[in-house]
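Naming follows writing order (A, B and C), and every chain is counted from residue 1.
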Amino acid sequence: MNPLFKEIRHSPLLWMLVFVPTVLVVEIIAPSAHTSLFVLAVLAIVPLAALLSHATESVAEKTGDAVGGLLNATLGNLTELIIALAALRAGEYMLVKASIAGAIVTNSLFMLGASFLLGGLRHRVQDYNRASGRLHAALLLMATIALLAPAAVADLNLAQGEAVSQKLSIGLAILLISAYALSLLFSLRTHKDLFVSANHDGKDAYGAWPTGLAVGTLIIVTILVALVSEIFVGSVQKAGETLGMSPAFVGFIVVALVGGAAEMAVAFSAARKNRLDMSVSIALGSASQIALFVAPVLVVLSYFIGPKPMDLLFWPGAVTMVMIATVTSCFITNSGRSAWFIGALLIFIYAIFAMTLYIVPPGVHAH
Amino acid sequence: MNPLFKEIRHSPLLWMLVFVPTVLVVEIIAPSAHTSLFVLAVLAIVPLAALLSHATESVAEKTGDAVGGLLNATLGNLTELIIALAALRAGEYMLVKASIAGAIVTNSLFMLGASFLLGGLRHRVQDYNRASGRLHAALLLMATIALLAPAAVADLNLAQGEAVSQKLSIGLAILLISAYALSLLFSLRTHKDLFVSANHDGKDAYGAWPTGLAVGTLIIVTILVALVSEIFVGSVQKAGETLGMSPAFVGFIVVALVGGAAEMAVAFSAARKNRLDMSVSIALGSASQIALFVAPVLVVLSYFIGPKPMDLLFWPGAVTMVMIATVTSCFITNSGRSAWFIGALLIFIYAIFAMTLYIVPPGVHAH
Amino acid sequence: MNPLFKEIRHSPLLWMLVFVPTVLVVEIIAPSAHTSLFVLAVLAIVPLAALLSHATESVAEKTGDAVGGLLNATLGNLTELIIALAALRAGEYMLVKASIAGAIVTNSLFMLGASFLLGGLRHRVQDYNRASGRLHAALLLMATIALLAPAAVADLNLAQGEAVSQKLSIGLAILLISAYALSLLFSLRTHKDLFVSANHDGKDAYGAWPTGLAVGTLIIVTILVALVSEIFVGSVQKAGETLGMSPAFVGFIVVALVGGAAEMAVAFSAARKNRLDMSVSIALGSASQIALFVAPVLVVLSYFIGPKPMDLLFWPGAVTMVMIATVTSCFITNSGRSAWFIGALLIFIYAIFAMTLYIVPPGVHAH
């Protein structure tokens, strides 16, 4: 276990692992301390997400290009998926939907914006590979359009009820997963070279682990994330009430920031090193993956887990925020250059969304 | 009539001409076999549209640049126009509006996407002229914004009623036709050279016909399309009910695919030959023409044909789909390069629209 | 006062100064001639705005780069601000909001479009600096998204009432003003060189004035604009009724055109001289400034002036028009080249907006 401990020593993020036993103990001795449990669970998930991300990459590296790419692509948002599954089991559909929409917005506005800002504070003007940025942006744009089209287009009224929206969501989930399969075929096989830089995500941050350690860590950390996510979801509603946060706000902002913390660390570090290509591909790639893979998988799993199937119809405000975030990040990455102010403006838009969600939680329109 | 028969022999599409007499005969002997008539009419319109398109180009070539360009520009969507006129006479306003919106979406998502996909399956990465693609995209973007602006902006309620929306639609039709006249001045006179490649649309597919044959074909086929369109519109409602398709779905998807079949054949063939410029200009050019010419002409003609004047206010889902389709195709063609997956994603978005329209037909909001 | 008179002699716009005493006299002798007062006030504001703009630039030039840039940036839309303040005092909130939204739309569609059209009528194809155009476009895009996000995202219903929308608007105003401060830091200090061409706005039109004359003119003309604005706002409602114009139409179209007349004169003259960079930066820069500075300042001042605080929630049609205008102008300036038809299309979209607003004024949704 030498490399694991070495990493914990070097990475300040991993010191936060101390919150994992803490939250598990507090859950046993004070199961009704919802606000403390909520805060501790958030703090515990951050380092676990970082470990999960690194373990995935280590396993991916050992298994060769194709399988490794597949692993990275499917497990890259494992933390978001596990949290959403815990919420699904608890029937917290608003939290699940908000965390899907929020992950896309957080990745394409906050992660991208903070990368531009942090990179821009060190480098006056940063130029990066437009071709690769555009490819990711095009993929993200179409992935989110595909995800949101039914919510934006369907003229659903109450009379038609749930049967229709279920049918629509299952059809959509099948189309999204097919598109995702094709995107893997495209990025891992037929046009692998266009995506090359994105494969070096983790290397700069840490060294690779031996396979045994990596697989072991992957399994154990997945179980830990699942345990902590249960506590998180169990405490979120009461804690949210205490802290004045609606389920939509918690899902959209808190879950998205917590689940993406590990990727953000890598993206920000790349931006500081003037490697904005990598930051852009992590931010936009992760957002596409949420839309094309995590969201439809959750719909399918909702038939087996949880009190009733979940549809994919987002509330109008979420549709607007996701579309604005995606179109903005596409437009911004299209130019291939950046300065600190561009990043600052992306963060401002994110802050405005967060503020609006906090002050005006979505009402009865959300299913 | 030698060249006409030679073409029919060589082109598998034209073998479908056999459905023209078939549908006319079935209409006489079994006028209540709505579903059969609907299917036969669809099958009959496809080859007629191909002939119409070729005859138009042959006439255009003989008449010299300016008049020829004008002919191509006004008769290029003649099939869509004739079908819409038949629907207008029958008072099927939803079908007319859906076929206008659907033609824009089908051209800018499906025709463009399938061109990229078919081209990309043969060529790894396809580069094309960005300048020309951008010009067409800018024109399309502004044409659709102009078409949709009143529907998107007007805060119409029932109390204001039809008088206001009529007034708005007539004003809009006048503005759109003026913009169309200016676009012809621009593309055929002042900046002709920028659009050069688009003038070779049909040449690769067939040779040019003698003028007599071309004009004769143009007249006869127009009459045939009109006859078959009558049967199509007469059977569509009952057949739609049997096949589970709403008028909106039929207009948006079926009419648009059928009416655009001929142009698609040319666009796809160009893409296979790595001439994506031509595919892009056909797809986006045809979509602009629907918005700037076909739509306002139908509004004006609705004052003379049909039970009452038609307005140009689309239902909210149509506005969203047209805007998404246009913005997406503008963004995609902006990059000047393509690979098969980009095409696949455009088709996925189209499939999602079709699925949504099929499962959730637009409700009472549509006038 | 020699240079001032010399300018009045040379500039046909300044002959219109004769309307200033006229409107003041008519207000005294015939205070109920609302329609005449309205027309005279409009005619009087145009030359005052031109003088104000020139005086600001003259002062800015004398005070050196940093302070001068700040002056230009804050006083550039002084006319719009004074008119809006007069409307705020009179409690005409619809007029204020319409003039904010209208100034953004008028600058990014009409001013830009007319520049492209006037430039394109003299020069076949105009190429301009894409990098600078893009930077301005990115800034404008994000400024308007920030301004509109709450209106687009918030799912406000009547039950939540004014308290929530006040809270949201104050939070938004603080964020927008912070973003504006950062944008000044960016454009006047850290990345000054990227914006260089925008600093020569007025030089071509007139020579610089001595400081005394400039400061004196600034003070006197500001007072005159304030006086005329009072008359304008006092007559607008009754005159609007007579002329068939709603407050929304007057604010959106009339105030925006009148307030921007001086900037338009400079932008159009630059376009004729094939200096489209300058036209683009004036048009988009002024639009950003309205969103980031004028709008939040009006919210803050509404707590001290006027019957009750103003919120920043626009009616749905305004949100749509501003978003369409911004996205369109971003897409158009992204290409870095222009021809007359592009300008004509931008003006067509503006005309469609104006027509829609005239025929269908926004209803009870507007607060």
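Basically, contacts are C-beta pairs under 8 Å (C-beta built on N, C-alpha and C of every residue); 3 or more make two chains touch, one makes a residue touch a chain.
Which protein is which chain? UniProt says A, B, C = Ca(2+)/H(+) antiporter.
Source: prediction; values computed, not measured.
> Are the interface residues of chain A (Ca(2+)/H(+) antiporter) and chain B (Ca(2+)/H(+) antiporter) largely the same numbers on each copy, more than half shared, or largely different?
different
> What is the Cα-based rotation angle between copies chain B (Ca(2+)/H(+) antiporter) and chain C (Ca(2+)/H(+) antiporter), on a 0 to 180° scale and rounded to a multiple of 5?
So the angle, rounded to a multiple of 5, is 120 degrees.
> Based only on mean CA positions, could you tell me how far chain A (Ca(2+)/H(+) antiporter) sits from chain B (Ca(2+)/H(+) antiporter) in angstrom?
Their C-alpha centroids are separated by 40 Å.
> Check each residue of chain C (Ca(2+)/H(+) antiporter) and list the ones that touch at least two other chains.
If we look for residues of chain C (Ca(2+)/H(+) antiporter) contacting two or more partner chains, we find 327, 334.
> Applying the document's contact rule, which stretches of chain A (Ca(2+)/H(+) antiporter) touch chain B (Ca(2+)/H(+) antiporter) when the two form their complex?
131, 134, 138-139, 141-143, 145-146, 149-150, 152-157, 160, 164, 167-168, 171-172, 175, 178-179, 182-183, 186, 190-191, 194, 327, 330, 334
> Where on chain B (Ca(2+)/H(+) antiporter) is chain A (Ca(2+)/H(+) antiporter) touching in the complex?
Within the complex, chain B (Ca(2+)/H(+) antiporter) touches chain A (Ca(2+)/H(+) antiporter) at residues 124-125, 315-317, 320-321, 324, 327-328, 331-332, 334-335, 337, 339-342, 344-346, 348-349, 351-353, 355-357, 359-360, 362-363, 365.
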